[in-house]
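Should a chain be cited, it is by its letter among A, B and C, assigned in written order, with residues numbered from 1 in that chain.
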Amino acid sequence: MSERLPRARAIRMGRALAVVTVLCALPFYLDAFWLRIGLFSMAAAVGAVGLGLLSGTAGQLSLGHAFFLAVGAYGYVWLAGEPGPGLPTAVAAVLAVLLAGAAGGLFSPVAGRVRGIYLGVATLALVFLGHHVLLTADSVTGGFNGRSVPPLEVGGFSFSTDSELTLLGVPFGAEERLWYLGLGLFAVTWFTARGILRGRPGRALVALRDSETAAAVMGVNVSRYRSAAFVVSSMYAGLAGVLLALSFRRVVPDYFGLVLSVDYLAMIVIGGLGSVAGATAGAVFVTALPLLMTRYADQLPLVAAPGTTDGTIGPTEAARYLYGAAIVLILLFTPDGLHGLARRLRARLRSRRAAPPPSGTTAPSQPPTSAARAKEPTP
Amino acid sequence: MTSLLDNVFNGLALGAVYALVALGFVIIFKASGVMNFAHGSLLLLGGYLTAVLHDDLGFAGALAVSVLVTAAVAGAMDRFLLQAGGGPDPHTAHVQTIVTIGVDILIVTDLSRRIGGDLLSLGDPWGDSVSGLGPVTVADSRIAAIVVSAVVIAGVFALFRYTTWGLSLRASAEDVEAASLMGVRLVRVRMLAWCLAGALAALAAVFLAAFPAPGLERTTGQIALKAFPAAILGGMASPPGALAGSLLIGMTEALVAGYQSDLHVLGEGFGDVAPYAVMVLVLLVRPTGLFGGKAAVRV
Amino acid sequence: MTVRTTAPPELTVTDVTVRFAGLTALDAVSFTVAPGSVHALIGPNGAGKSTCFNVLSGLCRPATGTVRLGDADLTRLAPHRIAALGMARTFQNIVTTQGTVADNLMLGRHALSRSGFAANALRLPQARREQREHLDRAREIAELTGLAGHFDIPVDLLSYGDRKRVEFARALCLEPSVLLLDEPVAGMNAAERARTVEVVHTVRAELGLSVVLVEHDMGLVMRLADEVTVLDFGRRIAHGTPDEVRSDPEVLRAYLGTGAGQEDAA
């Protein structure tokens, strides 16, 4: 909150610049497999940041994230495709995000009033009803077999392999191009979500989570902010849905099931509730783990190659064991996730280097580590 | 007319089985403030154990072992994973709810791997026999479901009312601090609640896998998810509410499925998701369920 | 920023009755808080003091009666609207939110600022300017309340007394015309108590606001209050200056025959 020292700020900027440079250079060095991992991770991160805002920051448990992802993905496909209005793809992508936000808004009569566990189960209904609609509304969604996704085109540049493109001797296929799209959208997500969290709305959402009563007497319009959290989170989910649709090139109803919602919940829990960086780390972990396990199954102990059915553990199963265990262990030992772990390590390093906290009267009455921050709002 | 009676009977049978599951949810929620997302996997575990053991132990023996083991697993999960984290603070309850998701992933992954694409028979004595009941013909397994559920649920209510455990459970749900001051051993009361819920889930698995269902599949556990709306409809902290909610959900599902052809605008298979639609409608009017007062939301 | 120069409006509570499931928590309670005064609500536990605060801040709706602040009728308004009209409060048990002292104080500026999701997401210049200006004011208030040294410290790390002060400062950040303090020194040691009294004096002098105080520390009530209203079982049993109330026989009876002046240690 205080003005950062110019030097610290310069270091921060330099570090950010280095990260961006590396991320931009990667498509010149990595093959399609790694690029796809990156792409899916970035898409998941966009969605996870949205869920983090809702469940981590505002404390509203949602199991309906898959539904909003589906609205974004199918919204894009329908708006840009045939049957459908066949809009220019860029317009369709923007509208799909807004559509997801509108879907979140439609849910606000429930989201504004229903609390805690009740809200969690109410959002469960979104996933099941949504899945049912995806299966039955054939004319829009293509039913069980889904629909193929029209590639995105912006200003004559297509994010697909339709046209040949070679940059610095590296052929630029769909993966390379989508990588930059994903990177751009993730940067937008990072920038906007941190802006929200550090600004007035972010503080209001944290207050909602920690004490609805305190938030209300401080002037926060509780039901409006509860609904707004849903709308904003759904828009990020919609954006992630568009990106996922473009990456998969085909959308099918079964992908957008309860398991997906749970995956996203796992991402923000593993990463640490309430932080953008945590949600990103969780998204990369949950997304990359099964893909890496599949790829390197033959080199891992106890894991069989994909396709073997002799009762040994396959790579996707191994990944699920690992990530189920990760949820349990992380919550048992560090309830604020990877992000909290990193923060504590940093704080410990800093306190070893610098003097103890500024005032002698500040006796730590409650260690921050013990406080699990997934709080249920007080009515 | 016959078809209406058919559907009502089916709804009753479904509702009775959902009630076993929903009652478990509610008991757990009442005792610990945790929404047990691993309930479906407990149910699957119970069904799986009955399926693999009935050849050796006979149906009754297998069921008994499965109920005991599932109860023990549920209790151990609460005692060693959830309660290890901390006391009865509602904020930790939220975290513990997510821990149950992790446990669910672990158990479901493991059982799915073992079951694979198979359909397991539980070796229940009713098979595919049917009986005439007045004008309708019903599967014996469904009659059994209703009878057994009714007896078991009555037993659970008696436990609530007449045992020290039931009294302690209700006291601690009212006021944790006061209960612990009065010497209620919260850790044990809570763990026993989880055991009971696990046992109920294992029992419910039998009827969910019995005729006319084809058998136990790796997805059978997901049926437990329908007990979520049932429990919510009833107000989450109210066992009689869970019972009413379950019957409502069972009826809705059976009637919607029964009149599928008249409801084709809603799409094929709407019966499966109708419970959720009902739940959302009810929550719009009563945000804490039909029987839930304000106190039902533990804060 | 906006520091009020005129006197705050008068707070009038008229015949407020609150019932919970057949129990009458407040029974036709009336009192008036004169502009710029310190008004204490006292009474034994369960007398209805906290219920009264909840009515004033909109958390609890009275069955009958009205609450007015100047010309505005607060009786049926939502809490956040009442806050926007200049009524701020603290809680008996500390309710701070996660984050630094600065974050908590900035929450107090919520009703006075307006940038929304879009402006903050895009970090528009107006949102950043607003944030900067309010941060400056929050820092001033932190200085006024003696929290300047803790401004960037997470609230979790502060002592109990300091956290109570954060709540107090957060309420002040609302630039209230009426400040409701619910047991501001409960659980504090002598030094912290003295400091809080000093701060209340300071803010009253510098910001010119009215204060409604619920407190069990009678010494503090007698030193701070201009007027005292005594509640017992939801009814107003006495009213007047501290000296008048101290010698009121009804009050002595309500406090089980002990002299009100000896309650200091409570």
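Keep in mind that, in the parts below, contacts are C-beta pairs under 8 Å (C-beta built on N, C-alpha and C of every residue); 3 or more make two chains touch, one makes a residue touch a chain.
Predicted model only: the values in this text are computed from it and were never measured.
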Labels of chains that are neighbours to chain A and to chain C: none
Per-chain Cα centre nearest the global Cα centre, belonging to chain: A
Cα-centroid distance, chain A relative to chain C, in whole angstrom: 41
Distance between the centres, which are taken as Cα means, of chain B and chain A, whole angstrom: 32
Separation of chain B from chain C, taking each centre as the mean of its C-alpha atoms, in whole Å: 48
Chain A residues counted as touching two or more neighbouring chains: 371, 373
Chain A-facing residues of chain C, complex: 57-59, 78-80, 82-84, 88-89, 91, 95-100, 102-103, 106-113, 115-117, 119-123, 127, 130-131, 135, 149-154, 156-160, 162-163, 170, 174
List of chain A residues in touch with chain B within their complex: 61, 109-110, 113-118, 120-122, 124-125, 128-129, 131-133, 135-137, 258, 262, 265-266, 269, 309, 311, 313-314, 317, 320-321, 323-328, 331-332, 335, 370-379
Complex contact set, residues of chain B against chain A: 29, 35, 81, 84-86, 90-95, 97-99, 101-106, 109-110, 112-114, 116, 222, 225, 228-229, 231-232, 236, 266-270, 272-273, 276-277, 279-280, 283-284, 287-289, 294, 297-299
Chain A residues within the chain C interface of the complex: 1-2, 191-193, 195-196, 198-204, 206-207, 209-211, 213-222, 228, 232, 274, 357-359, 361-368, 371, 373
